[in-house]
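Below you'll find the structures, each written out as structure tokens.
Both complexes below contain chain A, partnered by chain B and then by chain C.
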Partner chain A sequence: MIDLVAQSLFSGVLSGAYYALIALGLALVFGTMRVINLAHGELVLLGAYISYTAEEKLGLDPLASLPLALTLVVATAMAVYYLISLIKTDRELNSLILTFGIGVILTNAVLMIWSADIHSTTTPWYHDATILFDTLFAMQAELVFAALGIVLVGAVWWWLEKSWYGRALRAVASNRDAAKLMGVNPQLTEVLSFAVSGLLATVAGVAIYTAKVIQPSLGHHLTVKAFIITVLAGMGSVPGVLLGAVLLGVVESLTVTLASSALQELAGMVLFLVVLLLMPSGLFGRAKRRG
Partner chain B sequence: MAKLLDIQSLRAGYGSINVLWDLSLSVEEGKLTCILGPNGGGKTTLLRAIMGLVRTDGGTVAYQGNDRTNASTWAMVNDGIAMIPEGRMVFRDMTVADNLLMGAFPKKCRARAPQNLKMVYDMFPRLYERRDQLAGALSGGEAQMLAMGRGLMEEPKLILVDEPSLGLAPVVVDEVMGILDRLRGEGRTIVLVEQNTNKALKIADHVYLIRGGKVVLSEAAASVDLGRLHDLYFARDALHAE
Partner chain C sequence: MLLDLDGITVAFGGLIAVGDVTFAMAEGDVLGLVGPNGAGKTTLFNAVSGLVRPTRGQARFLGRDLVAMPIHARARAGIGRTFQVPQPMHELTVRENLMVASRFATGRIDRERIAEILDLLKLGHKADADAATSLALTEQKALEVGKALATNPKLLMLDEVLAGLETAGKRAFMHTLAEVRQRYGLGLLIIEHDIETITRLCPRVVVLNFGRLIAEGSPDHVFNDPEVIRSYTGGEAA
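And then the complex of A and B:
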């Protein structure tokens, strides 16, 4: 029993790493633009399917397909940004409708191009098992992408904290007019946040393609998960996103182990509601300020 | 002395509400120009229009002899204009040090950011003590110091200061005015928007009084008659006009 729980915790942490990649992209865009990109999960899905095609048609290893997937997904993210930038009034509300629509279109485009069949990598190496500490089991793919995920989240954190443009991104999120007065063009930071969000989505997509299975309806579920994590974290905290992602991964994984896999999605939602009820500004969010 | 900033017949406002009505004024290099006037007179709108934060509907803004009407805010900043906005507008959820570094965002300021940071910390030791705290935790006076320090990190040729004394204790107001006086002494060009007439007049070279979106008085600070200034300020001239 202890072994089962330990295994379950470990798998949850591994899932948390790619959940964090997805959620961080959503949180970045929300932070700079106050836009919740409901098509974010579909960007992840697109990355996964491009990786699938590259492996199937060109014989590329999923990791080697990253540059191609990155190019196409970031280009799509730019197109989404361009469409959002056309909104002239009530951007917060109208962008929800727009990005929801884009998500539906992307899901159906994936369905048309790739059909509803489920896929996973055919390179056996990724599915090979590794045993850690004699008891914990993981697929190679899970370990590779968990490591890559943590490195990427760390890199984005460093970038936000220490670089000129990362700092500018936070400044725009904090006070848009004041950021302009520092010589920042807010549109440039918005483009940047979308590009980084596309980059993170691509890596997450390839991670899902190698460690799990992909199918066209997945995008929407991923958006919901990313949204839950962002709220768990409290808006605008990178370590919070990582911990929120691991928490969701662990809760889902424990639910599957101890109860039933049918309850996995429900467990995430219950976690979400409990945190919203007890800690409305999130686990790591700053308390609401006066004024 | 050369005119650093020259504004001609400027019209600006918010949507269908016009605030500035054909306002003209100019700022000489190396001087402290003070803009006084009652609430709602258009002082803040004027500064925001110069910086491109408010759309203009007519007239021109020239800086260093070049037409900069409706230039983007970031372009004005890159040209060397810093605005220290009303209500400080610090980045509340960033640290004091990160706030100051944001001031050095323009590419030409980045290389000298460490020296300028030291200069600002020397000028405002309180900011150095609180460098790792969130700006949202600062007192009003400290936040004003931070906003000023952040503006100085931009290495500005022209500093627009909007109501720095707002909501501050008198002793802190004196400190803020002292710093502006010192900056003027260093040869910087400053535009100071104030409601605190007496304190502003003491450090100003030239005074404009703006009321109802128009300039109603333009005089050298030394020759301003306080009685007449207050009459104009409170629109008592209109009563006596007939």
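And then the complex of A and C:
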């Protein structure tokens, strides 16, 4: 029993790493544009399917398919950005309807192109088991992408903290008009946040393709998870996103182990409601935060 | 001309916040903008800095048409302003605030100028503190001025930066402003309620009431104008 719990904690942490990639992208776009991109999970899914096709048709290893997947997903993210930028009034509200619609279209496109079958990588190495500390089990894919995920989250954190464009992004997220008056072009930061969000989504997609299974309806669930994590984190703190992601991963994994896999999605929702009721500004959010 | 406003009108629905305002400033001019609460002073700043779009009228800055220019481009062109209510950036330190302004408005980080600004505004000891949480009100106001100065403006618009300060604080800040102007040779457009302050700082004043320009001239002339006195004592502008 102890072993089982330890194992599910460990698996939860591993899932948390790619959840964090998805949530960070959603949070970045929300920070700079005040837009909740409801098609974000579909971008992740698109990355996963491109990796599948690259493996199936071109014989590319999933990791080697990253450049191709990145190009196509980031291009799609730019198209989503372009459509959002056409909204002239009430962007925060109207973008919900727009991105929801884009999500539905993308899901159906995936269904048409790739059918409803489920897929996972056929490169055996990714599914090979590794045993850590004599008791904890992980697939190679989980370890590789957990490591990559943490490195990427760290890199984005560094970029936001220390680079000029990162600081500009934070300035726009913090106070849009004041940032413009400092000479920051808000469109540039919006494009950047969408591009980075597409990049993170792609890596998460390939992680899911190698460590889990993919199917066309997955995108929507991923968006919901990313949203839950972002709210848990209190909007806009990178370490908060990572911790929120791990927390969601662990709660889901414990629910599956101790109760039933049918309750996995529900567990996240319950966690979300509990935090929202008890700590409205998130687990790591500040009480005083604009917007 | 540094700033040239011609018939600027800003309407919010039926409310004319700024009505047909025309005046000009030459480079290096110091101009006071006064008038009772709600007269349209801040709205005029918003129109010049790009936060609201005038309903009618022409605005030129160093000969360039402002009306269609986005806000960040105005900042790069040399328009700096402060907000009546300080608008610090979360998660940026005081120094980072100035560095972002310097980097994005001028294209390069002028560390020397930033150090000078921190020094002038007596923010040196708070340079690495979080701008949103660790500054007293006077320091927040100083940071507002600092952010604007870091963009290397040719026109600095100050929206009630002295309001709420003690007499001694006011004196010190006025002294700082005089130093800033001397060092950087910029034009100042100053919104201020206190008549004594305006009289000391500004050789020329324009007065708004209900959005209209009702008087213009030296402080002596303007503050003895019966219409201005009436507007200040709460009567309807005739």
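Convention: the second predicted complex is superposed on the first by the 288 of 291 C-alpha atoms of A that agree within 3 Å, B and C clash if a C-alpha of one lies under 4 Å from a C-alpha of the other, contacts with A are read in each partner's own complex, and residues count from 1 in each chain.
By definition in this document, a contact is a pair of C-beta atoms (placed from the backbone, for glycine too) under 8 Å apart; a residue touches a chain by one contact, two chains touch by 3 or more.
Quick caveat, the model's predicted, so the values are computed rather than measured.
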Clash or fit, chain B versus chain C on superposed chain A: clash
Which of chain B and chain C A:Arg167 touches, first, second, both or neither: both
Partner chain(s) touched by A:Phe133 [first = chain B, second = chain C, both, neither]: neither
On chain A, the residue positions that both chain B and chain C contact, one per complex: 164, 167-168, 170-171, 174-175, 177-185, 286, 289
In the complex, chain B residues that touch chain A: 51-53, 72-74, 77-78, 82-83, 85, 89-94, 98, 101-103, 105-106, 110, 136, 150, 154
Parts of chain A lying in touch with chain B, wherever the complex brings them together: 164, 167-168, 170-171, 174-175, 177-185, 236, 286, 289
Touching residues (chain side chain C, partner chain A) in the complex: 49-51, 70-72, 75-76, 80-81, 83, 87-92, 96-97, 99-101, 103-106, 132, 147-148, 150-151
Complex interface listing, chain A residues touching chain C: 164, 167-168, 170-171, 173-175, 177-186, 286, 289-290
